[in-house]
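Presented below are the structures under discussion, each in the form of structure tokens.
What follows is chain A paired twice: with chain B in the first complex and chain C in the second.
What follows is the complex of A and B.
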């Protein structure tokens, strides 16, 4: 029944999807945290930069960004991210594009976590004489991080689904393989079911488990 | 300036801010300089490459405008078809009958868990195989199909959250005056929740507009992004074409986003409403699989 799978490396394609997801997740967590720090920090110029970056990137389709990394950065400007193998270059470019895009959403998720902390918490902490770093370290950030778990989970799930956009520049991930398979094989429904199931397996448990964790750790108000 | 995170600043903090600003300006200037020189090295700043967009209308009328029309057409079609489907699914998920509620939930969770691109690829193969839609029209059908399947699921959640966001007293009062379940929904809950979820629906439209670009990059749908591709082939101006297309996308989506937040603010302040509004930010949360009770409680 599943003989149409022969000759195709479905697991390998999904492994690429997972790799894209994990690498982009780490990268966008770092860059997104920096952006969030800029957006909530006291330096007006950095605040402005963070706001402009987020608003620009959120409103551009990810497809445009990913295609630009290939056609613009690689073909036109000759940026190859330290590799000469085209597959590796495309993979790294896709990660770069995903990081640039997803970090805007990470920034907003972290900011929304900070926004859930009532101002009274910081005021009370200052009133009992805690220093600036103590206020952040002991009172504000612990609450903010706990409230960010839920929104960050949603960003991670969206990222998992967004890795398929790498198909636009030929990265050999799940959607690319699915396109090849439905074009060459007769069994449209079983093939689609396999790939749909793969994504359900990747996203649904993440949503349920991390969603549950997020609800557990979030500060009840 | 004082905020949650830091106090009003004294002289030392102000001096430190000036230092931070200076370092940041230097870093930003270095970045801009690097971008400028690398563009200049490759000759991407030649006026001849940017000229088509600023003088004459050929680039606009031949490539950009038809592309933008297709983008907006696909987005509008997807929204118009997905809205009623989403409303039906969302209300079905609130049904008292298990045999309606459970299948609707399964459908919604399933389509929220799958990337739009997978649905589009499925759509294009489906139409190629089982219908005689011409190969010119197939990409549009596939793009709209993919967008509808995915967004109906997200809109279902928006509708459900919008209805659950209403104060309980609304449904209780409606039951108390003797309305039937269907009347409670049709006459009391739905009309009020429509206004409550308008901002969220407008922000979902941004997601739809962005996702149409997938059709251009993977399925040969002649929308705005693929018109950029054609222009690059014709004028050889990669950077210029991408810049123009990105600016158009930003303009369209930024006005939609701004409209959504304006609408949200207006509805929150409104005197006639129950004050229950599903924020524009809610869509990010509702698009992910899993239950989001917190969102309903928050309102």
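What follows is the complex of A and C.
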């Protein structure tokens, strides 16, 4: 019944998907947090940068961003991200593109979380002598993260599915393999079902676990 | 309550000016909220600021620890003018304790952690010392048994006393209170006022925005009456309440005394 799977490394392809997801998730969490910090910070130049970045990046199709990393950064500017193996270069470019794109959404999810923290708490924190970055790190962001677990979960699930766009620059993840298999096997429905199931297996627990975490860490007011 | 080596135990105010405001002006857009404010507060002095809503009392407090900038004039704490934004300012702010109407405790931290945070991150105390001091302060304001709870689990009066302990943990030179009892149910007002009264007796320099006449009469050295962004009248509490000089003050007192 599952003959069509023979000779294909489906698990390997999904492992690449998982790697893309995890690396891009960590990267966009870091960069998205920095962007959010810039957007709420006191320095006009940084605020402007954060605003422009988010509004430009989240309105560009991800495919365009991923293609740009390959055609623009790699082919034109010769950026190879510390590797000479073409597959590795493409993988890293894909992570970079995913981080650049997803961080805009992380930033906005966090900013909505920041808005749930009463201003008075930030003022009280400044009043005991904490610096701006301490106020952010010790008082505002910990509460913002807790109240944006929900929106961040959605971003993570979207990211998992968005990794399929890396197929556009030849990264051997799940969607790339699916395309190859569909072309070779003429068994469209079962093949699609297997890959759809694969993604559900990845994203469903993410949603459930993080939903539970979100309730657990919620700040009582 | 146990003795804590915070503030001045000997309660003898040292001579000298601690907070000095000189011709301070502040606008919010077209609104001139602080108009040529000159105010000097001596070490150990307790000053009550009183006045109608919108007269600039909160703004005055907030400029003293630079939560609001001023447009002109100078503010000095213990002889040092308030610096611009930055590390220097943060340090100076730690010397000025502030208690807000809405408590503003850090909601994600326990009561104990609320009182430890500034000691560790600003004063660089080690955890053990910070915890000891925090527990002693919580005991002093009468909420020692609540140390491991979160702010949302406490009554308003308890939260406000924790907020006072949090400010005291920085060993401030002066404490600002902006209507500390206005958000409280009547039965909780006294527990907070008693803590403040004790602080005053211990010699803490205090600037208190409040309409609690009883507190003003028993704890304040001076009442400052503000209206429309100006200091209209300054006097000893008894004199101010029984015999105000300005018409604005007479008018204001007649309103708050007869309801």
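Basically, the second predicted complex is superposed on the first by the 196 of 221 C-alpha atoms of A that agree within 3 Å, B and C clash if a C-alpha of one lies under 4 Å from a C-alpha of the other, contacts with A are read in each partner's own complex, and residues count from 1 in each chain.
Following the convention adopted for this analysis, a residue touches a chain if its C-beta (ideal position, glycine included) is under 8 Å from a C-beta of that chain, and two chains touch if they have at least 3 such contacts.
What you see is a predicted model, and the numbers here were worked out from it, not measured in a lab.
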item	value
Contacts of A:142 with chain B and chain C, given as first, second, both or neither	second
First (chain B), second (chain C), both or neither touched by A:126	both
Chain B versus chain C as contact partner of A:82, first or second or both or neither	neither
Chain B versus chain C as contact partner of A:196, first or second or both or neither	first
Partner chain(s) touched by A:220 [first = chain B, second = chain C, both, neither]	second
Partner chain in contact with A:42 - chain B first, chain C second, else both or neither	both
Which of chain B and chain C A:7 touches, first, second, both or neither	neither
Broader residue contact with chain A after superposition on the shared chain, chain B or chain C	B
Common ground on chain A, meaning residues reached by chain C in one complex and by chain B in the other	42, 121, 126
Contact footprint of chain A on chain C as seen in their complex	65, 67, 85, 87, 90-98, 100, 102-108, 117-118, 121-122, 150, 152-153, 163, 166-167, 169-170
Chain A to chain B touching residues, read off their complex	40-46, 49, 55-56, 58-64, 66-68, 71-72, 75-78, 105, 108, 112, 114, 117, 119, 121-122, 126, 132, 136, 140, 150-151, 153-155, 157-158, 161-165, 167-168, 174-175, 178-179, 182-183, 188, 192, 195-196, 199-200, 203-204, 207-208, 211, 215, 218
In the complex, chain A residues that touch chain C	42, 118, 120-121, 123-131, 134, 138-139, 142-143, 146, 219-221
Residues of chain B defined as touching chain A within the complex	1, 3-7, 9, 13, 17, 20-21, 24-25, 28, 38-39, 42, 44, 109-110, 113-118, 121-122, 125-126, 129, 206, 209-214, 216-218, 225, 229, 232, 238-239, 242, 245-246, 249-250, 253-254, 257, 281, 284-285, 287-292, 294
